[in-house]
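In what comes next, chain A is part of two complexes: it sits with chain B in the first one and with chain C in the second one.
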Partner chain A sequence: MQRVGDFKLPSFFNYPPYFTLQPVRETREKQVQLWKELILDYCRTLKVFTIGLEEDFPLFSNPEIQRTLTHEAREVFLSALVSEGRAEWINKGHKKCLILWMRIQDWADCVLRFVRDNGLEDSVMTVEDIRSGIESRGTELEGIDRTVLMRALKLLEQKGKVAIFKGTSADDEGVKFSA
Partner chain B sequence: MRRRPGIAGLQNQAAARDQYRLVGDHVAKLRTDMMKEQLETFRSQLEDFARKHKNDIRKNPAFRAQFHEMCAKVGVDPLASNKGFWAELLGIGDFYYELGVQIVDICLATRSHNGGLINLQELCSLLCQRHKVARDAVSEDDCLRAINKLKILGGGFEVISVGKKKLVRSVPTELNKDHNEILELAQVQGYVIVDEVEKRLSWSSGRAIDTLETLLEEGLAMIDDGHRDGRRRYWFPCVASVPGATG
Partner chain C sequence: MEARRWLPSAELTGSGRPVFLQGEVECALISAVDLEPEEDPTGTSTLRSGLLILTTHRLIWIGGSEGSAIPLGSVVHAFPPTKRSIRSMFSSPRIRIQCSVSGDGKVVDGQGGPLKSTSVVTIVMRGKGDDPDEFFARLWEVMKGRAWVATAGDVRRSVEGNAGTAGTAEAVRMPVVGVSGILRKEQEMWENTDKSLHDAFQDLNALMSKAKEMVMLAEKMRSKLLSGSTTQGSAGNDEEMGSKDMQEWLLSVGIASPVTKESAGALYHQQLSRQLADFVEVPLKKAGGMIALIDAYCLFNRARGTELISPEDMLRSCSIWEKFDVPVMLRKFDSGVMVIQNKTHSDEEVFSRIKSMASKPNALRTGISPSDAAMTLGIAPALAKEHLLTAESKGLLCRDISPEGFRFYVNVFPDLDPSNIFMIKPHSLFSVWVSTAAAAAASG
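For the complex of A and B:
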């Protein structure tokens, strides 16, 4: 079994035709399904938040069988994730994709749990601190993508759970958690 | 005996015929009784044997196959009914019914990958994986017997021979001779190329492409345009030499 870091690749990754978009509908559906699961699993395990379509993303080619996904195939698989709400195109040109292996709602719940566990109600933190501060070390929030975190915080703000404000220095933003 | 005319002669003849028939019947009856007795002895011996080697029959697939062969020779089918002596003694009926259910399960689970055609070897190894917990080995012979039982249900389960391999078909697709020849060719590398099919089978290009297109439509083949030489390969997951994806 092939591995990338800690990630165990599924056996279909070694079967060449899975790297060519299949013309027959049922076969294609199965193919897209397998790739969707693979991309989500991979990103979850290795904490990958963005995939660039033009980049050398490890899943896009398998040197062992000398197969590489075409640009079209990459876009099909990622679009399938987008249509399920498990990914979002970052720019209009479909060049970069944000992978939501946890939905924004789930990330928001993470933030709330984090606040509760650390007794941070009524206190203020910078966004950067949430991502890389001591408190978040070892939690799911460690190293979270800034865009994803901001989206989660905005969702919480809508629900009145936090307040986001511009920081005094630099361009970092501050967050006040409500009790 | 000199033939004498008259009533007495006819009567004598009839009496002699009756006597002969009586003796004949007697001999025949003796023979049948003897045969019956022999068969009875054989049956009880077979039962004794089965009782004695019950565990071997259950655990050892090679032994099980030989036992089946022996039973078939004397006209005993341990699988014929789930109620009879044999099933009760060996629990063999249940064994094959369970196997049948698992085979259906695997065929359904892998259908989207292989189009409903699976290599008997692969099916068998998937079954063994499931049986690891129960620690019972399952042989190809067992699979064939279980599939044979499934036929009664009319679910379209069938074993077909393609080249040296046996494939289990769980969809009602009819495979014609052309399809079979391509599948046989694919067994070498797991895939075929149109040019090669034409060359090896001396087909016209239309015939090869048509056949491959049908197999593609049926979900039995997958295309692969990723090779450096740019020639399209048609892969057949049902004869996969690469470990097939099953879920």
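For the complex of A and C:
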């Protein structure tokens, strides 16, 4: 079985037509679904948050059978994730894609659980602390993408669960968790 | 049926063209023609609005799926069409021909036997724009040519030859003895050939009358060449077989009486279409039920000799097949490639062959290319590609485009489950593929 890092690849990864965009509708639909699941699975396992269309992404080529996805195919598969709400284009040029292997709502729930588990109600933390502080070590929030975290916090702010404010340093923001 | 009894029947091909006699060539066609026998007070015996074909041997009348013919040998006299007068302006032009008939009033070939009696048959041309004078002129020309007599004579002569009786001409010849004898015989043969070629090309009318000899000459050359190639070298060689096949094609005399614009006039496309339908039968069988339009065009024109047709005429002839009851049809693939195929040709059979081909271990590993399919199916690569693309659209295959080219693999996507991407469905095509790929990886 082939591996990329800690990720085990499925058998069909060596099936050459998997790397050619199929023109027949039914076949294409199945192919797109398989790619969506593979990308999400891979990103979840290896905690990958962004995929650049023009960068080398391990899934997009298989040196074993010498096949590489075309730019068009990459865009098709990522767009399929975007249309399902499992990914978002970071910029308008569709060059970079944010992969939401957990939905923003699920990330927000993670933050609330983190606050409750650590008794952080009514206290203040910086965004950076949540991502890489001692408290988050070993939790799902460790190493979370900043954009994803901010989106989750904004969702919580709308619900009145947190308040976001400008911190002392220009590039960091503070978060006050409500009780 | 009752009405047709007074004329001998004429055999027709599957697509409604007459079956020609040996050496028979068609000269003119007119549509919407009635044939009236002389004594027919009730009008029940009249053959109404059919197609009349004038050949070198017969006047063939085709109505619906049945044909009748007046052998030109039975025609005693043909009366020119009535001159244009005020009265005839409004009636259809008529040509009357006097035929010999047997005792019961049936038209029979008057050659040989004593003439019993004659009857007059009237050809009524109801179609607009047909020139009766022109048709009459053609009829007259053909009558003068007496091609049917030549055929009858030839048959008799060949019968004598088979019986082994030496003709008088043979007796006068010098005996063939030694090298000089052989040389003299060669020389004589060349002179004869040269003479007939020379005569034939003097003018086109003469060529018509020489057609039979030309055909025989060509046939003789062909059999000589073919026998030559079999005696030289060892047989059974693949290449040799190919070249022999090729030679067969090149040397086949083809269509003795091609439909031409001149002879068929307004009926040109219709008749051409029927002739083409008859013609493609053999190449279709050889090609396994489907042949590219381009290939059929080449073969057809090759068979027609000098009477070449344009691609437009070919396409038009094929596209009007729908209107006739012919066993072939024109098919256009999604890619625009056009082919001729039997109506009974089934894609299913081709698909099952493609599927079994794509499921072989080697094909599972490396896929199949259009040229692989062409080899296995015994068809042209362009056609093979069409078949593969159709099989792909049916979900049997899927494609792989890489720097190595365009290949097709058996489609295993239906066996895959997006909700569990690591699952290998047991006994599925996918599981077969996985084990084949694993075996290849282990050995490689």
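Methods note: the second predicted complex is superposed on the first by the 178 of 179 C-alpha atoms of A that agree within 3 Å, B and C clash if a C-alpha of one lies under 4 Å from a C-alpha of the other, contacts with A are read in each partner's own complex, and residues count from 1 in each chain.
Assume a residue touches a chain if its C-beta (ideal position, glycine included) is under 8 Å from a C-beta of that chain, and two chains touch if they have at least 3 such contacts.
Just so it is clear, the structure is predicted and the values come from calculations on it, not from any experiment.
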### Task
Consider chain A as the common anchor and indicate whether chain B and chain C clash or fit when overlaid.
clash
### Message
By the touch definition at the top of the document, which applies to A:Ser136: first (chain B), second (chain C), both, or neither?
### Response
neither
### Query
Which partner does A:Lys8 contact after superposing on A: first (chain B), second (chain C), both, neither?
second
### Task
For A:Pro16, decide between first (touching chain B), second (touching chain C), both and neither.
both
### Message
One more residue to check, A:Lys36. First (chain B), second (chain C), both or neither?
### Response
second
### Query
In the combined picture, which part of chain B sits where chain C already is, 111-119, 129-137, 147-155 or 165-173?
111-119
### Query
Where on chain A do the contacts with chain B and the contacts with chain C coincide?
10-12, 14-17, 19-20, 22-24, 26-27, 30, 34, 66-67
### Touching residues (chain side chain A, partner chain C) in the complex
8, 10-12, 14-17, 19-20, 22-24, 26-27, 30-31, 33-34, 36-38, 41, 66-67
### Query
If you look only at chain B, which of its residues touch chain A in the complex?
112-113, 115, 191, 216-217, 219, 222-228, 233, 235, 237, 240, 242-246
## Note on the structure
chain C residues touching chain A in their complex are 367, 392-393, 395, 398-403, 407, 409, 411-414, 416, 418-419, 421-422, 424, 430, 433-434, 437
### Message
Show me the residue ranges of chain A that touch chain B in the complex, using the header's touch definition.
### Response
10-12, 14-20, 22-24, 26-27, 29-30, 34, 66-68
